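Structure incoming, see below.
A, B, C and D label the chains in the order they appear, each numbered from 1.
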Amino acid sequence: MPALFPPWTNVVARASLIAAVVLVVGVPAALMAWVRAPNATRRYEPVAQPIAFDHRVHVVGEHIDCRYCHFSVERSSTAGIPPTSTCVPCHSQTLLGSSTFAPVRRSMEANTPLQWKRVTSLPGFVYFNHAIHVNKGVGCESCHGRVDQMATVYQAAPLTMGWCLSCHRYPAAFVRPRAEVTAMGYAPRQPQRVIGARLVREYHVRRLTNCTTCHR
Amino acid sequence: MSAAARPLVEQPPDREPWPVMRGEHPAAALTDHLLAPLWRSSPTWWLLFGLSSLGTLLLLFTVTYTVARGIGVWGNNIPVAWAFAITNFVWWIGIGHAGTFISAFLILLNQRWRGSINRVAEAMTIFALVNAALFPLLHLGRPWFFYWLIPYPATMGVWPNFKSALPWDVAAVTTYFTVSLLFWFLGLVPDLASARDRAPSRLKRLVYGVFAMGWRGSGFQWQRYRVAYVLLAALATPLVISVHSVVSLDFSIAQLPGWHSTIFPPYFVVGAIYSGLAMVFVLLLPLRRAFGLYDIVTEAHLSAMAKLMLAMGLMLAYSYVVEIFMSWYSADFAEQYTYLTARPAGPYAIAYWIMTVLNVVTPQLFWVRRFRTSTRVLFLASIGILVGMWMERFIIIVTSLNRDFLTSSWHIYMPTWVDWGILAGSLGLFGFLFLLFVRFVPSVAISEVKELSIELGRDGAELAGAAGDA
Amino acid sequence: MTRGGRISIAVAVAGAVVLAIGFVLDAPRAAAAYLVAYGALLGVALGALALVMIARVTAANWFVALRRQAEQITATLPAFAVLFLPVLLTTRLLYVWTGDGSRLAPGLRDVVRAKAAYLNVPFFTVRAVIYFAVWIAVAEMLRRASLRQDRDPSPRLARRMYALSAGGLVAFALTTSFAAFDWFMSLSPGWYSTVYGVDYFAGAMVAALAALTVVVAIERRSNALPSEIGADHLHALAKLLLTFVLFWVYIGFSQLIVIWSAEIPAERVWYAVRMRAGWRVLGGVVLFGHFVLPFLALLVRAIKRSVAAMSVIGIGLLLVHYLDMYWIAMPDAPYHGGWGFVLDVAAVLFVGGAAVATWSMRRAGEPSLAVGDPRLAASLHYSTE
Amino acid sequence: MRERTWSAGAYLAEFDSADALTRAAHAMEESGYSLLETYSPVPVAHGLRRSTSRLPIAVFIVGALGGLASYLIQWYANAYSYPLDIGGRPSHAVPAFLIPTFEGTVLSAALAAFFGFFIVARLPQPYHPVFDIDGFERATVDRYWLAIDAADDRSSPDLTPRELHRLDPLRVVRLEGGS
C-alpha cells in the first residue's frame, strides 16, 4: 500500500507553513503601512471648489497675506472662510464678468454665501483652535503645506494623532517667529535648535500632551 | 508498580490503594477503545450538541445585541461599573486554570496518572479561555478597537499604559491562551498520528494526517518531543500562577476596600484552581460514563483530585479568615464596613452566604474517603463549588462597588436579561466547543495511557522507562 | 553529647554574654537584635514542620529517606518556646503599641487604640502560648509516631501521621500566620498586609529546605547516611528549593505591587522606609541572594546534583534568610546602626547555638533513617530520571 | 544524531513489544551498527546513543531575549516616547513593567520550545519513506520497528536482513532508497 501522502506533500506542507507565517506577520504589517499611506489619510487629493480659485495667483502673484481672506485665524478657533464680499472689491475691476466668476455673481445677487468645500477637516472629537497655534508661532505652512504652490488645494498633512503629537511633544523643532507665521517656504535664519528654544521660552510654549488638551 | 505511577496524594496505608489503571489492555484494543468516539456519534451526543448549539445561538444574539446597542443594555451603572461581565470573565478564566495546572504541574512532579485526565482538562482550559476573553472585549464598549491594548506603532502616536492592570491582563491572557494551545497541540500529535493510522475512511485518514504533521514515532522524535514537552510544562506552571495573579491585580491595585488586599494574587490563584478542578469533575464524570473509561479514570484519580480540591478549599477559607481579620485589624472604617457589615448583612447578603457555605463547607465532605470516590457526591459538590466561586467573584466586584464612599451614590445593581443571556450563552458555547472536542479529538492521552499500561505490566510488555535525557 | 553539641553550647553562651552586656548598654537595640535572630531561626524550625506534613499528605516518596533529618529540625521547637521568653520580657522595648501611646504619632494613636482589644500584652502572651502549644504538639506527636514506627511498622502509625499532618497543616497555617502578624507585623502597628503570613511562611520554607540541604550534605560527608541517598535525592530537594525560591519572590512581589500601585500612604510608608538609604542596599542584596542567584544556579542540572554546590547554596540561603528577616523587621524596631551589629551577631550566635545544641542533643541515638517506613526502600531507590 | 531520511534505503524489522525492540536495538548496536533508528507508539528507552538536545539552551536564550524586548517596549512606550503622569507613579515604573516582562519571557520561550521542536524533528513531513511500508500504520498503535540505514558501513544486502531475522522479529522489510 502506498503512503497516505505522496512525496510532494512535504513541499506543500512546508510552503503552507511559511505562507502562514508570512500571513501572520505580513497582514498586520501591511495594514500598518496602509493606514499611513496617502490614500488612507486622504492626503494630496485636490478638492474641487465651487469656483476655480487658484491660491498660486493670489499668494505668489499678488502677494496677498493668508490673513487677508482667512481673517479670524489669529483670534478665533476657526481660520475663517472669506465671504463673497472679500472677493468683490478687487475683482470688480477684473474678471467679475467672466464665466469663471458666475458663482460669485450668483452669490452676490442672491445674497447667499459660496459653498466652499472643506479641505482639512478633523474629527468631531478633536478640539482644535487656530488662534493658539498661530500665536505660539506655528506657521500655516506647517500644517497646510505649500498652499502657494497649489492650483487646487489639497490636504497636505496626514492629520493622524501621531502627527499632531510629533509637534506637541517637541514644539521647539517647529515653531517660528510670529512675524513669519504666514510666510511660505520659510527657512530659519539661525539653526532651528537655537531659534526654537528661544521662541518656546519667549512665547511660553508648553509641551501639551494630555489627552484633554484635544479631547475635551 | 513504579514510583512514577503512584497517585498524587497518599492513600491511607491500611487500605488497599486504588489502582491508577484497572484490567488488562492490549495496546491495539486500548487505542481503538479510546479512538472510538471519533468514528461514530451517539443520540445523546446529538441531543447535547443541539442544546449547546441553542446556547451558542443565544450568546450570538445577546452579543450582537450588546454590540449593536452598546453596553447600556447591561445592568451596570456607576458606581457599579463592573458587574456580570467581569464576574464571568474572572470565573471563566479561573476555570481555565485547572487544565494547565493538572497537566503541567503534575508532569513536573512526575505524576504519570495525569495522562488519563490531562487532555480533557487542557481542552477545558482552552474553551474556558475563549469564553473568558469574550467578556473584557465586550466590556470595552467598542470591541473592534481591542488592538489598542497591544503595543504597536500606531498612527495615534500613543501607547498602552503599562502601569495599568489592563495591558497586564492582555499580556497574561494572550500568553496563557497561546501557551495552552501549543501545549495541548504538542500533546496531541502522537495521538493524532494514531487516529490517522486507525481512521476507517480515507477522508478521515487524510484529515487526521494533516494535523498529525507526519509524526511517525521515531526514537529521535520521541526524545526531542519529551524535551520540548517538559520545557513547555516548566514554562506553563509559573505562567498559570501568573495569570490569575494578574487578574487579581485588576482589583487589588485599586484603593477600593474589598479589592485592595495584598493576599489577592495567591488567593485568586487558589480559587481559580479550585473552580477549575470542579469543572474538570463536571466534565470528566459524565465522559467517564459515556466512553466507558472506568478502567482508565479510576477511584485513584477521583480521590486524588478530590483531595486537591479539599486543599484548595482550605486555602481559600484561610484567605477569607485572614481578610476578615485584617479588615478589623486595619482599624479603617471603610475596610471594616465592607467586610463586617456590607457583605454579610448588606443587600447582597444572600449571595455572600451562598458563597461562604458552598466554598467553605462543601469541600469538607472530602475528608471522608467514601465521598471522594462517589461520583454523585463529587458531581454535586463540584456544581456547588462552581456556583460558589461565581458568587465569590460577584461579591468581590459588586459589593465593593455598590456602596460607594458617598452614600448618595449608592446603587443597587440588578442584571438585565442581556446579562443573564450572555452568561447562559457562554455556558452554551463552552458545551458546544467541548462536545466538538470529544467528538473529533482523542479525549484521553492515548500514548501516555499506553505507556502507563505497559509500565504497570498490564500490556504483557515491559518498558524500561521514559526515553530522553530530560 | 557530641563535639558539635558542646561547641554550639559554647557559642550560645558566648552570644548570651555579649547580648547581656548589650542589654545593659542599650536594651532596645539588643531586644531588636534578638527578635530578628529569633524570627529568622524560628522560621527554619517551622518550615521543617510544614515540610514534614506536606511531604506526608502529598505522598512524596523521595522524601521518606530524608524525613528523619527534617523531623529532627522540628525537635528544636520546644527550645524556641523557651527562647521566646526574652521577646515576651522586652515587648515594651520592641512594640510601640505597648504603653499609653505617648510614643506614637497622634494619628497613629487612634489607630492603635482601636486595635487595643488585640494588641495588648496579656492577649499577646496568651496567643504566643497557643501558637507554641500547637506547634510543639503537632511536631512532637509526629516525631513520636515516626520514631515508634522504626520499631513497629504497623500501618496504624502511618495512618496516624497522615491524619495528624492533614489536620496539623490547617492549624499550622493559622498559627504561623498570626504569629507573624503578632511578632513582626505589629512592629509597625498602623500597617497591615493580608499576605504577610504567607510571606513569612515562604521565607521559612526556603530556610528550612536550605537547612535540610546542609544537614543532608554534612551527613553524606560523615557517612551517617546510606550511599543510596545521593545526587537524585539532592536533585529532588533542589527542585523543591527552586520552587520555594520562586514562591518567595512571587509572594514578596504580590505584596509589593499591590501596595506600590495603590500608593495608600499608610501602607506605602512600610516600603518607603525600606527603600531608602542603606535599607535599599540591603533589600537589593536580599533580592539578589534570595532569588536571582539561587534561581539561576538551580536551573543548572549539574549544580542540583552536586553535594558541594548545594551546600554552598544552602548556607548562602540561610544567611540571606537572616538578612531578609532583618530587612523586614529591623527598620521598625529600635535601630541605631553603629556598634549594634555586634549585638546582631551575638543574638544569632545565642539563638542559633541554643537551637543547634537542642537539635544535636535530641537527635542523639535516633536512627538517621525512618527505617520502619514501608516506603523507605522505594525512596532510597528514587531516581529523578 | 539527526532525523533519518533513509535516502540510501534501509532495513527494518517489526517487533510486538517495547522490550523486544530494546533488546534488538542493543544487539544491533553491539554488533557494530551505528545508523539505527526506532519507531514506536510510546517512548522507549532503547539506549541508542544520542546527542543531548540543545533545545533547553535555545529556549533559555529566546526567552531571555523576549523578556528583554518586552521590557524595552514598555520602557520606550511609557518612559521615553510618551511619559504620562498616572497616579503619581514614575514613568519608568519597574515593578509594573516586570509583569508584562514575565509574560513576554514565557511567551517567547514557549514559542521557541514549540517551534524549536518541530524544526529539529523536521515536521511537518506528511510523506516519509517508511510510510510506504505495508502495515507501518501500526507503529503508532502497538508495533515496534527497528531500522538500519543501508548507508551504514556495516550494512550489506544479505548480511543485515539475516542479522535482523536472528532477533526474532515478526518480519523484516527492505526499504529501497533513491527517492
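Just so we're on the same page, a residue touches a chain if its C-beta (ideal position, glycine included) is under 8 Å from a C-beta of that chain, and two chains touch if they have at least 3 such contacts.
What you see is a predicted model, and the numbers here were worked out from it, not measured in a lab.
Taking C-D and B-D together, the chain pair joined by more C-beta contacts is B-D.
Mean C-alpha positions place chain C and chain D at a centre distance of 44 Å.
Note: centroid distance chain B to chain D, computed from Cα atoms, is 30 Å.
Remark: chain A and chain D have CA centroids separated by 57 Å (rounded to whole angstrom). Centres computed as Cα averages put chain B at a distance of 34 Å from chain C. Counting partner chains per residue, chain B shows two or more touched chains at residues 157-158, 163, 196, 209, 213-214, 238, 249, 465-466. Multi-chain contact residues of chain D (touching two or more other chains): 82, 84, 87, 89, 96, 99, 124-128, 131.
In chain A, the residues touching two or more other chains are 4-5, 10, 13, 165.
Taken together, the touching pairs give a contact graph of some other shape, not a line, ring, star or complete one.
Interface of chain D with chain C (complex): residues 60, 87-89, 95-96, 98-99. Contact residues of chain A toward chain B in the complex are 4-5, 10, 13, 28, 32, 35-36, 158, 160-166.
Across the interface of their complex, chain A is touched by residues 152-158, 196, 205-206, 209, 213-214 of chain B. On the side of chain C, the complex with chain D involves touching residues 253, 256-257, 260-261, 263, 299.
Residues of chain B touching chain C in their complex: 3, 6-14, 163, 238, 241, 245, 249, 252-255, 260-266, 307, 311, 314-315, 318-319, 321-323, 326, 329-331, 367, 465-466.
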